[in-house]
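In the two complexes below, subunit A is the common chain; its partner is subunit B in one and subunit C in the other.
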Partner chain A sequence: MPNYAYILLIPLQPLATFIVLGLFGRKYFKTFSGTIGTVSLLISTIVSFVAAIQYFFVDGKVNGIYQKIIAFKYTWLEFSPNVSIDMGIIVDPISVMMLVVVTFVSLMVHVFSLGYMKGEDRFATYYAFLSLFTFSMLGLILSSNIFQVYIFWELVGVSSFLLIGYYFEKPSAVAASKKAFIVTRFADLGFLIGILLLGFYGGTLDIGILIERLTAVQSPEYTAMAAAGFLGVSALTWALTLVFIGGAGKSAMFPLHIWLPDAMEGPTPVSALIHAATMVVAGVYLVARLFPVFNMDAAALQVVTYTGAFSALLAAVIACTQTDIKRVLAYSTMSQIGYMMFALGVSKYGGEDGLGYMASMFHLFTHAFFKSLLFLGAGAVIHMVHSNDMKDMGGLRKLMPVTHIAFLIACLAIAGIPPFAGFFSKEEILLAAFHSNKLIYGVALFTAALTAFYMFRLYFSIFWSKESTVQSHGEGPLSMKLPLVILAACAVGVGFIPFSSLVTSDGEALETHMDITFSIAPVGLTLIATLLASYLYKKENDKPAKLAASFDGFYQAAHKKFYVDEVYLFITKKIVFPLVGQPIAWVDKYIVDGFMNLLASITAKISALIKGLQSGKVQNYALYFFSGIAALAVLFIYLWK
Partner chain B sequence: MMLVDFFILLKQELVITVILFLLLFIKLGKDRTNESLLIIINVLLFLNFVAGFCCCQEGMLFNEMFRTTNLIVLEKNILNLAIWLISLQSYAWLKTHKHLIEFYILLLTTLLGMFFMISSGNLLMFYLGLEMSTIPLAAAANFDLFKRQSSEAAMKLIISSAFSSALLLFGISLLYGTSGTLTFSELTIHLNGAPLQIFSFILLLSGFFFKISAVPFHLWTADVYEGAPVAVTAYLSVVSKAAVLFVFVSVLYTTFKPLANIWYPVLCILSLLTIIVGNLFALRQNNFKRFLAFSSIAQVGFILIGISGSSQEGTASVIYFILIYVFSNLAAFGVVSLVSALTGKENISDFKAFYTTNPLLSWILTIALFSLAGVPPTAGFFGKFFLLIAGAAKGNYILIGVAALNMVISFYYYLRVVKAIFMDDNAEPIAKIKIPAMPKLALYICVAGIVLTGLVSYVYDYIYSLSTGF
Partner chain C sequence: MNLSLLILLPLLTAVTILFCNGLKQVRSVALAGSVLQLALGIFLLVVYWQERNTGNLSPMLFEFSVTWFAPLHINYHIGVDGISIAMILLTASVVVAGILVSWTMEKLSKEFFFLLIFLSLGAYGFFISLDLFTLFFFLEIAVIPKFLLIGIWGSGKKDYSAMKLALMLMAGSALVFVGLMGVYYQTGSLDILQISQMHIPLEVQKFFFPFAFIGFGIFAALFPFHTWVPDGHASAPTAASMFLAGISMKLGGYGCLRVATFLMPDAAHAYSWIIILLATIAIIYGAFATMMQTDLKYINAYSSVSHCGFVILGIGMLTETSINGAVLQMVSHGLMTALFFAAIGMIYSRTHTRMVAQLGGLLKVMPFISTVFVIAGLCSLGLPGFSGFVAEMTVFMGSWQNTDTMYRLATILSCASIVVTAVYILRAAGKTVMGPITDNDFLQLTDARWNEKLAAAILIIGIVLIGVAPFLINQLIGPGTENIFQQVGKAITLK
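Right after this comes the complex of A and B.
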């Protein structure tokens, strides 16, 4: 058995950094704390690369199948003879892949923040929180016990709360961090009950044993769980759906996504870390981790599929109407995670049918790079313009050449234009959807086109559109440019990694074929959407003037683009935006959000209503006391037989 | 039985009694300053806590009137720890109090009562202990001698307890009438579920519910907590609840096991009521003590869920949670009592921008509130989770679901306080407080407890290994 115990070092490194910086940072190394955090994480990153190379290329494979290895296990607490809570480290393709992603993106964010957060008053605190977050996230992906997952899951929530609320002088940041915390807590509730159900029927909290027991159709655990039911749905479906609800909360799936756009109040590098590559994919990771069990239950998988597909579409439509660049990115994240979710949903376990699983993980992997690049690029832009609004931007390509090129590459990657990374992963997802569910495939295809449209709308609005009026103060220090360059290189390169032979549902390499004819539809649609975006947004206020001019030379214009233009303008400006996009944004803002507010106000109302009970008069108290006894007595002597 | 065994079985009660006598002698002797008295008393209480750990032995005395097991010794140790912590924390308040020794005499008398109650093997003994642990407390609640609210609290406490005791005693006598015995071990055999027995059992239960302030027997709690001095409030909400819960678990699991089909649904209904009402009230409180009072009502609801599991895990998780609850609640009360004693401010709105002036106290309070809310990695998280697992063993998922939902609601109001401390503006934040050594020690112990009880698995394993014989 190969030895991977050294992986323990990877999460412990940021934990140590957190403790050191948290306790002594503000006093002793106020300015060095960034360097300390970064160097410490660099070591973690190197170790994870070593682990990845060892696992994927040296000794992870036995008989052509990647093994699940428990690298480290410590029985932390025995709750009862059957149920023990272990602290373990699981090494399998997805955990190793996530290790690389999390440490690498976190390292980039650490480096970027050196420049971006420079001069902040609580610089050391910021790095302490970053380290805490990285630690919790690493702990989450390495967990071998479902309770351990839950502990780190909550820790991730706590540390992201701290990070989003970092600017706690800003009331909006405070409100946002609270909202994120409470909404995800609601979702975690589902997760908690799901864990209790799985633990109760499975008789263990160990993920490996749980999977083993619940995937064998004859096992007593599976039989009991499939037979037991509540409201006509089997306990297995309940448990998995509840676990998925927990995942949907963290991964911002509809209708639990409402916290994500608001969470953009946090520092931008934080968004690059939390809302691009790590925390928001935790839900996808969770489903993937328990995928063999999900595979046993078609109903739960359908919930995953449709929630994912709907979220992908909804978010893409909303993204087209936003003007805050970080919110566009937030919705785009939600949309891309929707892709990952439904890819899992349409997948099966093992062999050729496991394509969706592989595609989902592949997309998670490539998305991490280009999305964090987009966020960091947006951070650089905000750093320059001091505003989040598209209206204040435009023409920045000359002032920020490095950011411009990096951002362009990221846009090409997320739009899925070959040979950039997003193309490969999205292609696999579409293929998986095509083979199992045509409706989902249609939604995915349309969403892909929308993705290209809103991303290039964003790109042109920031970098082209009009002449820049911003007073340039330089593009930022090397520490801000370097991560952009590195991530841009990744956004080009990572698509060529032979992912299908490394990360699959059952560990066996999967043959994939690039089918050129299949790619025509998505790539063609994407290109059209890109061109439309460039046509509309490349130059500011161009269209009305052109339209007016066209009336003079009607003949020349009519054949060329006038007609198309008008139709397009009519459809987008008059129909799509006001009649589709805005209502959806409205529903999102008032109905979904409003429902949450309603819940809060109802709670407050009931609370006010029963205040009368607490009158301060002892004789009343005695009355209630006695009524309580009488009610119990009547209930149990006469009614409960 | 040898005389030595006799003393060893009664050692914790004897130590308390000796301390009580010592206090009386000190009172009669020459005048000492309050500071030196506080040092002496706190050292004595610490020794009392340490003494609880040596020479443990299991056995019965006085015809099963008094029994002790390793678990009971552990429970008494938890109470000893709690009273020591409370005593350390009330340093600032007691330093200037004229009747310091009387206060301790009252508290220790109630503690002695609780010890007898926990060790009782007979309903009469139980009743005696319960009364002994209640009546002196009413006097203690009146110890802010010049505050009307304090007298009101004492009055309400004594009247409500008299009421509940009367009903409890009525229940006991009916039980005696139907079974002919008061000894726990014999009582079990005679329980047959006749209506009169059920009625008397419900009366008995209501006595318990009154003490642990489960809804609808909780109404006295808020008024008493608000009016009483903070130290007494902390004592009421931690020590006296814990003591009754200890007895409750063991009595339900052993003596009243034949009536499980009655008390299981009662527990389910009342635990939900208690959690929901406690939460709804806590949402709107502005007085910090009242807020903690209602939040502790909700915490008791969670404990009841753990009890409903009726298993070894049930006992273990309840005792484990109570230990955590002692640390978390006392950390919160410790900060509040310091602020209240030194500035007289007790409202949550007074704590706005508390962080700007008192960062250390703010962090301690935050950790305590997070533990009460059940946020990892604080111990409260583990405690609540274990209670839910224990409760889930019965397969009643609606109960668990509603309880878990309430965890989120409780989260909201704990977070509201944290937000006030760190994020709200305040023109006149509470001035910087110089923390005296003793309260500081107590707060550090509490924080260490909150962190370590969760992370060091030995604690739970130890409690679990003792929780046999249900």
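Right after this comes the complex of A and C.
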């Protein structure tokens, strides 16, 4: 068995950085903290690449199949001899792939932030939080125990909360951070109950054993779980759907997506790392991690498919109407994650049928590069114009040539134009959808065209359109340009990685053949959408406004994000607070506590009555004495008979 | 080790305080005494481990017994297991932290510190008692100082709160006393270990169990007898709030477990559904009630009602894991709430307000205190890495082993409270420490002083230690809860 215990170093490195910067950063290394964080992460990244090379090309493969290796395991909290939370490290194709993605993108963001966040008062805190996030995310992807996933899941959530609320004096940032945390917490409740169900029926929390037991049709665990039900739905479907709800919360799937656009209140490099490339794909990763079990339950997979496809479409429509460039990117993230989700949903486990799984992971991989590039590019633009709004931009191509080219490459990649990275992964997804569900294929195709449209709308609005009025102060330091260049190179190159022979559902290489005739429809539609966008937005004109007016009601609805936020506000502000919270507070004050006070005052009244009897006056005592005798005499006389 | 030292040391400290003059002398003595006590607690932990490692498996270690009043079979019988040691360490940490945050208590300082130490004496005695009368004796010692602490050093409607707290806790004690007497007349013994070997008839258990359980339950904020908690905590001075939540409420939980459930397990089974019902109500109801509060102390007090519900829930679910979770939650809640009250006290002493609406942006002017506040909040909402997560998850895992639909429903509802908790914690933290500064006078305020930093550090170390390495405390309390579970005798374990 090859030794991968050194992988432990990868998450521990950022953890150490977090502790050091968190405790001493503010005082001792105010300006060095960025360097400390970046160098520390550089080491993690190098180790990740070494691990990836060792796994994929040296000894990960046995008899043509990539192995699942438990590199490390420690019992953290034991509930009973078989059921325990273990801290473990799993090494398999997806965890190694994610290792590379997370450390690499995080490194780019660390470098970019050196320039972007320079001079911030809480520079050390920023890097401490970034390190905390990186640690948690790495812990999540390496988890070998489902409860371990939950632990890091929550830690990722809190680091996201801390980073969205980084500008804590801005009320909107505080509100956004709260919203992100609470919405995902609500989803996590589903995840938690799903874990309780899986743990109870599976008799273990270890993912490997769980998969082993629940994928064998004859096993007592599977039989029990498929037979037990609640409200006519089997326990297995419940458990998987609940786990998926947790994933949908983090991955911003409808209707739990409302936190993601608001999360853009955080510093832009943070959006690039957390809300584009890594944390938001945790839900996809979770489903992929448990995919063999999902494969056993068609109903749960259907939920995944339709939620994913609907979110992809909805987000793409909304993205066409937004004017805040980060929000456009946020909706595009949601849309692309929807792609990854339904690709998993239409997939099966193993062999040729596992195409969707492979495609989903491939898209996750390529998306991480071009989406973080888009965000970092947007960050550079915002750094220049000090605004998030498209209306304040235009004509920036001359002022920021590097950003312009990088951004253009990223747009081509996300739109799926060959030979950029997004083309390859999107094509596989479309192919998988085509073979299993025509409706989903149709939605996917339409969404692909919309994607090209809104991305080029964004591109032309920022870099072309009107002449720039911005006072240029240079495109920014090397630390900001370098990550853009590197990521742009990735957005061009990573599509050529032979992904299907590396990461598949069962570890066995998958033969994929690129069919030119199949590509005609999506690429053709994409090109038309791109041309349409250039016709509308390349020069400043009134055509977009007319177009919006012709879709009047629908445009307004999409612009207002289909009023999903309003529904949530209604539920919380008009139902939960006044109809649940206030009555409970009232009952507590007036009924429960009122009853206690009543008891006390009755006691006090009775004692006030009785104390009159002990007045100390002999005449009164004599009176009581004789009236008592009289009363007793009367009683005796009557009772005697 | 002679356990009586645990009582003698605070007694000595308290007496010494009486001979001191001025705040400086008094607080130094109090601090020295409490730090020594903490050291003693840690020493106890070490010798306990050594003793266990030599293979001593008896349920209680370091037992000592001497006849106190022979005609009534009253013995001064003491001994500890892992659960008691966890409670002792909790008490010792809270006492040190409480004394540190009261460092500048000018008003009647001698009496104040005397009462604090005296209260802790009662708690130590309670946690090591193996004789029902001794246990009750120390329980009463721990009640009376609270009345004075709130009545004299409190704020707001302190007279009402002090009276309310004293009356309700006295009522609780009276119920406990009836329960204990019932056990005594049935078995002729007051010795906990002896009684646990006898069998009390089910009818007798069913009659006396409610007295003991509700009696102790009042201390542990059992719904609907929790109403002393908000008023009592809100009116108490900071250290007293910390002691109330960190120590006094634990007396109740410990009593429910060690006395009511351990000695009358059949009745615990019979009434389990009522206990669970009340606990679930407390958890949900407490959480929603917290959401509507506007005063930081009320927020924390109501959230204590909700969090103590997990202790009751864990006991009521009667599985080994859930009982383990109940003990973990007691320790965790004690540390976390003490930390929360300490942070609120630090904020209040500077801004002179506890109203959420009037506070804002404190992170900018007092980063340390604000960070402490946020850490306490994150622990309260069950963030992994802090003790609250470990305790709550253990309770959930244990509760889930009961397959009955109603029990499942209770577990799910209790799980759902983590969302409500997140709402009220983030609302409070988002308004108080984050956001714009609401009052320009805040800009002049200073951050924590050394004593406050030390107090927070002690509690945070405890919280993080449990949260990061739960296997340590699990090993400590494991044999104790196993012992109780065997008594409960219902062999449900995870498959």
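Following the convention adopted for this analysis, the second predicted complex is superposed on the first by the 541 of 641 C-alpha atoms of A that agree within 3 Å, B and C clash if a C-alpha of one lies under 4 Å from a C-alpha of the other, contacts with A are read in each partner's own complex, and residues count from 1 in each chain.
Keep this in mind: a contact is a pair of C-beta atoms (placed from the backbone, for glycine too) under 8 Å apart; a residue touches a chain by one contact, two chains touch by 3 or more.
The structure presented is a predicted model; accordingly, all values stated were derived computationally and were not measured.
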Which of subunit B and subunit C A:F186 touches, first, second, both or neither: both
Check whether A:A622 is in contact with subunit B, with subunit C, with both or with neither, and answer first, second, both or neither. first
Partner chain in contact with A:G34 - subunit B first, subunit C second, else both or neither: neither
Which superposed partner A:N82 touches (first subunit B, second subunit C, both, neither): second
Which of subunit B and subunit C A:V158 touches, first, second, both or neither: both
Taking the superposition on A as described, I'd like to know which of subunit B and subunit C A:P267 touches: first, second, both or neither. neither
Thinking of the overlay built on chain A, is A:L196 touched by subunit B (first), by subunit C (second), by both, or by neither? both
Contact residues common to both interfaces of subunit A (with subunit B and with subunit C): 76-80, 83, 85, 147, 150-151, 154-155, 158, 165, 168, 174, 178, 181-182, 185-186, 189, 192-193, 196, 199-200, 600
Inside the complex, what are the residues of subunit A that reach subunit B? 76-80, 83, 85, 147, 150-151, 154-155, 158, 165, 168, 174, 178, 181-182, 185-186, 189, 192-193, 196-197, 199-200, 230, 600, 603-604, 606-608, 610-611, 613-614, 616, 618, 620-622, 624-629, 632-633, 636-637, 640
How about subunit C: which of its residues touch subunit A in the complex? 164, 167-168, 224-227, 285, 288-289, 291-293, 320-321, 361, 363-364, 367, 378, 381-385, 389-390, 393-394, 396-398, 400-401, 411-412, 415-416, 418-419, 422-423, 426-427, 430, 433-437, 470-471, 474, 493-495
Subunit B to subunit A touching residues, read off their complex: 155-156, 159-160, 163-164, 167, 195, 198-199, 202-203, 205-206, 209-210, 216-217, 219-220, 222-223, 262, 265-266, 277, 280-281, 283-284, 311-313, 375-377, 381, 385-386, 388-389, 392-393, 395, 397, 400-401, 404-405, 407-409, 411-412, 415, 419, 422-423, 457, 460-461, 464
Inside the complex, what are the residues of subunit A that reach subunit C? 26, 75-83, 85, 147, 150-152, 154-155, 158, 165, 168-169, 171, 174-175, 177-178, 181-182, 185-186, 188-189, 192-193, 196, 199-200, 203, 577, 580-582, 584-585, 588, 592-593, 595-596, 600
